[in-house]
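For reference, the structures are reproduced in the following blocks.
In the two complexes that follow, chain A is the common piece, with chain B as its partner first and chain C second.
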Partner chain A sequence: MTIESPRETGAAVASLPSDDLLLSVRNLRTHFFSREGVVKAVDGVTFDVKPGEILGIAGESGCGKSVTSQSILRILPKNGKIVDGQILFRYGDQTVDLAAEDPDGRVMRDIRGQEIAMIFQEPMTAFSPVHTIGNQIIETIRIHQQVTKEEAHDQAVEMLRRVGMPNPARNIDEFTFNLSGGMRQRAMVALSLACQPKLLIADEPTTAVDVTIQAQMLELLRDIQADLGMAIIMITHDLGVIAELTDRVMIMYLGKEVEAGTVENVFHRPQHPYTRGLLSSIPKMEPGRVEIEPIEGSVPSPYAMPSGCKFHTRCTEFMAGVCEKRDPPLIEVAGGHEVSCFLYGGREDLE
Partner chain B sequence: MLIYIFRRLLVMIPVMILISVIGFIIIQAPPGDFVSSYIAGLEAQGDIIEPELIDSLRARYGLGEPVYVQYWKWVSNFVEGDLGYSMVYREPVVDIIAQRLPSSFTISLFSLVLVFAIGIPIGVFSATKQYSLADYTFTLVGFLGVATPNFLLALVGLWLLFVWTGNASIGLYSPEMQNAPFGPAKFLDLLSHIWLPALIVGTAGTAELIRTMRANLLDELPKQYVTVARARGVKPTKLLYKYPLRIAINPVISTVGWLLPVLVEGEVLVSLVLGLPTIAPVLLRSLLQQDMFLATSIIMILGILTLVGTLLSDILLAIVDPRIRGSV
Partner chain C sequence: MTDAIQPAGRGDRAIISVRNLVKYFPIESGLLRRQVGLVKAVDDVSFDLNDGETLALVGESGCGKTTTSHCIIQAQRPTAGEVHFRIGDTRPVDLTKMEKADLKKARRNIRMIYQDPYSSLNPRMTLLQIIGEPLKIHGQVKSQDELRARVSDLLRLVRLDPSTLNRYPHAFSGGQRQRIAIARALSLSPKVVIADEAVSALDVSVQAQILNLLKELQRELGLTYLFVAHNLAVVKYEADRVAVMYAGKIVEIGETEELYTCPKHPYTEALISAAPNPDPDTKNRPRIVLTGDVADPGNLPGGCSFHPRCRYAEDLCKQETPPLMELSAAGEPSHQSACHFADRLSLAGIGAAELTTDRDAA
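The block that comes next holds the complex of A and B.
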């Protein structure tokens, strides 16, 4: 038996639940099939993104946050499949279910780069090492827009200027190995934003770079977002980044949403034991030595997922006879603040 | 770039000198010289030897003098284009090489084209369809190709040709075309003969290239820039050839240079079996009979080929890969 989130019931197929949404991911399940077994990397995730909003998705490695983003763009590795759910996206004046599209078909190719763009973890490897950055930016523009080479070139230079490249007219003909780390980051952002997409997915853009560049990157994303007004999904394991940049946040654990809400609510009034654990494991800059409290245990093997609530094996508030029995329901504890935990209800028939 | 090429050419000079010294010493190492083995051979047959010829040869090439004097005489003649005299063929070495090198070159060139034309597409196919039945089949064929000796293939090829056409001599041209001036008709005739030796000489190389190409491409395909390109809406076909293939092919380009002499070597047994008028059987015979001018000259030419080939690959590589271009 599965318990559906309240949002999902009664919604029509292939139309966005509300007019003011850009993206609505509903009950997404993405599984990986290998010889060792099935990995349920994303196992029933539901969230919405409004135009111009910054949503954070946070969690430990292996929680399914990157797979969620790859599912939206349909760029999963060969053995990954969306087995259930919908990814509704506002495309022009219609709504498309990205989960039902052919991953290499016309619609998906048109949407990639034009409507939804992605920034990846390592700026060094985002560009082909044997092509200039301009070559790849212009290519993206010309895939999606009917413009001449010269017009595309001008647009590319303009975008490089917007992301703060020191000398756009010259940088456009450079290769990535000629650029510094910070400039690569900027070039990568310019590449993603070449067609001014409505949604930008940033998959751990600050993970592989040093702190100065991290700070620059966050500032850049904030400026560009204010400038172009696109929505951003920020995927990271760094709660500091979430706090600094995003409006709302979803915390994931082993392919499931555990808690979601405004940054204010989730960070100051965390409800789920996992969220609380995450927040108390961050070192604090306070006078006197404050011990970090790590979460007990370690992430279970993806091939041997716990039954019921996925976190029950490490939870400090584990309730025997409840938590391991079935998935906890998503419960709204305050306006827009939802938690997936039996502590807040849904266990009545089990006790 | 021009400076780079010039610098490379300059570096080639000492390398060539080294090759000539080593080549010369190795050929000189066995006791005796070609004149004595030549005389011995003739005497065994009861022939009369003209002492004048022998004396003039000995004097001309400084036989009997210290090795370095001989080397110096040989090298100064070599530079002037006098490659010496072959005692076995009783012809100037230059003439023998001029007769045979073109056919060697032709076979090698055709082999090279075949190796690329077959190896690259199959390698790419195997990589994109990794672990499919076709991939396993090509892998098996590839291993067989690497493991089967050339001469065996040549024998099988010759036998098949005989069974099918009743003709056991391959040659490079039909008898009536042998002396015809080169033109489209002669080229077609050449094509109809050369494919078999070219294929046999190129088998091992093709099999290796399939493996290399497959491995290189499999290394590139999961790289992030491919995913990024996909996430930008680039078409699947372009995703293959514009980015990963371009990079995967670099190591292949860098091996073109030394593939040339390898193909010439690979010809030895094939040419012997198929009776082809190439340089390779001459090299073998000259080595066996201590025909030192012929042997050393061929070795020198192979050495120069390797050097030129390597230079060509490096220039090609610098043209296709900006990372290398930037550092030259």
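The block that comes next holds the complex of A and C.
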């Protein structure tokens, strides 16, 4: 399928593989086209999100975690294109393939903010500095819902209260520059949740803030999730945040999934050499001396991607004649725990 | 205060002694730029940096950790206070009183590494120029051949290929660039290196490489590090001693393991509790989530600056600023805290869930 596929707005072009899924991303490929060449930022990624679940997507810079989220919301930069794959989303009682929708069309505009909302790393970029936060939250509500200004105002105050703003009735008339960093983060969460979306995508929301504010933010997301029951996709490079917040995690490297499973499985029984390397390179908050072991080398340039398994150039388990030959298959090593590595199979015909 | 910081027998190993360091920035307003307030970025900070150790300055944004390091190297002149610098058995010199020419000589021994290797390296200079510049400025090389040889050695020291010395920074990844920045910092064989968030901008796998490289270089060259950082896990791995700063003051300072397992200041306890741990088993551990934001150094609360966020605060905390006091007995490694109730509170450190019962039993 290409980007020129069906355009009938709102038409159910496909069905979700299972009834209890909210989102199903199938074999997504998002590439960037520039003078220097093609960057395969996301290159065949598949994952599901159930209603009310918290999925983490983790990886280092250039792994495609942010591009994945931009693809779902169809807010890619101009030179980025979804070249293949499906993004199936439950929209009311039908299923929509977001990858096939017009990014500026009716369906996408209805879904953004109403069904899927996003919070960003830097709250100052999410808000306009010349409007009060109240105005912006009320605007969002009134775009998606048939309510009066007064009703929208009350909903906005209620949402500000839920995210723990100290004085919602007054805070609603404040500008972002009057708020402290922690309050801005809360206001941003209130804005994103104004229409009670089914899915919240959080892209590195705690990266630019201090440790104590990060702890507040994680607690807020936990509470709000328990309260409103929406699903969350948490995108971060910080494995600590993943362990603290999420139920399941997908680890990415250079546009590919390398491992996915429950947080317990992936953190306690990591199978992929990259996951193991990542976990052993982070210093731990544990008593006593814990050595760390870095992964050798650095992430290759996106214009000079390695052949075969993208990690083979840095891998300690590299098998010549296998790993550089072709993409490793995704293999299920335990219930719901999948690894993309030849160590666990798929190399029989190569040896 | 100075006496409390340096009891007899301690401080002999100090290579840098910071005493009562103060840095205020005026807040000006109106047409006449009248001074309407003061940002107390660093407010009476004293500590020793011992020869061969790694001392970490940790704290959240605006706590004064970077300003402190700038005041040590005299990139910013402090408002008040002294910074004594001593090499070997020579008499200590006070950097704050030095003239420019003398400072240049002293700075040969105190070098800095910055956070972002994309902005700290001039993109139009080759590695030879970047790393060789300090050598030329300080007249350490006589010929171009000698310069090339010295820069090659430095590249080898930071585990880079010396044949790359004619290349430009854009050809290198973030981690390699930070190695270049380290090579430049080490070009004059300094005694002290101040690393200001030197690994914060790097990916985790590369961050670990640089942390280990810094440790190896310290062993090989006998370097002393002042390690400015906000990531507590990184600091725990890298530092021998830790000074925790809040709103321009050191609130706690002690040996790393001791400070992390038995914190003596409620702010340290909260920081340790808030740091995310990459272990899903600790997901449901009890956490201390501080309310409110970091104190505004331009408008500090009275008494202890931390009292509005402190869960143990009492009336005394609102009125009196607690001094940094020694808590360990003579002969034991120093552990100081600036809390009125430091000796009475029983605070939780890392691994606290298991420790609670032990403490109850004791």
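Just so we're on the same page, the second predicted complex is superposed on the first by the 333 of 351 C-alpha atoms of A that agree within 3 Å, B and C clash if a C-alpha of one lies under 4 Å from a C-alpha of the other, contacts with A are read in each partner's own complex, and residues count from 1 in each chain.
FYI, contacts are C-beta pairs under 8 Å (C-beta built on N, C-alpha and C of every residue); 3 or more make two chains touch, one makes a residue touch a chain.
The structure displayed is predicted, hence computed values, not measured ones.
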| item | value |
| --- | --- |
| Fit or clash - chain C, chain B, common chain A | fit |
| Touching partner for A:212 - first (chain B), second (chain C), both, neither | second |
| More chain A residues in contact [chain B versus chain C] | C |
| Chain B versus chain C as contact partner of A:125, first or second or both or neither | first |
| First (chain B), second (chain C), both or neither touched by A:143 | first |
| Which superposed partner A:241 touches (first chain B, second chain C, both, neither) | second |
| First (chain B), second (chain C), both or neither touched by A:182 | second |
| Minimum distance between Cα atoms of chain B and chain C in the superposition (Å) | 9 |
| Chain B/chain C common contact set on chain A | none |
| Chain C - residues contacting chain A, complex | 60-61, 173-176, 203-209, 211-212, 230, 232-234, 236-238, 257, 260-261, 270-283, 287, 289-294, 349-351 |
| Parts of chain A lying in touch with chain C, wherever the complex brings them together | 60-61, 180-183, 210-216, 218-219, 237-244, 263-264, 267-268, 277-279, 281-288, 290, 292-296, 298-299 |
| Chain A contact footprint on chain B (complex, rising order) | 222-225, 227-236, 242-243, 246-247, 320-323, 326 |
| Footprint of chain B on chain A - complex, ascending | 73, 75, 77, 104, 109-114, 117-118, 120-122, 125-132, 136, 139-140, 143-144, 175, 177-178, 191-192, 194 |
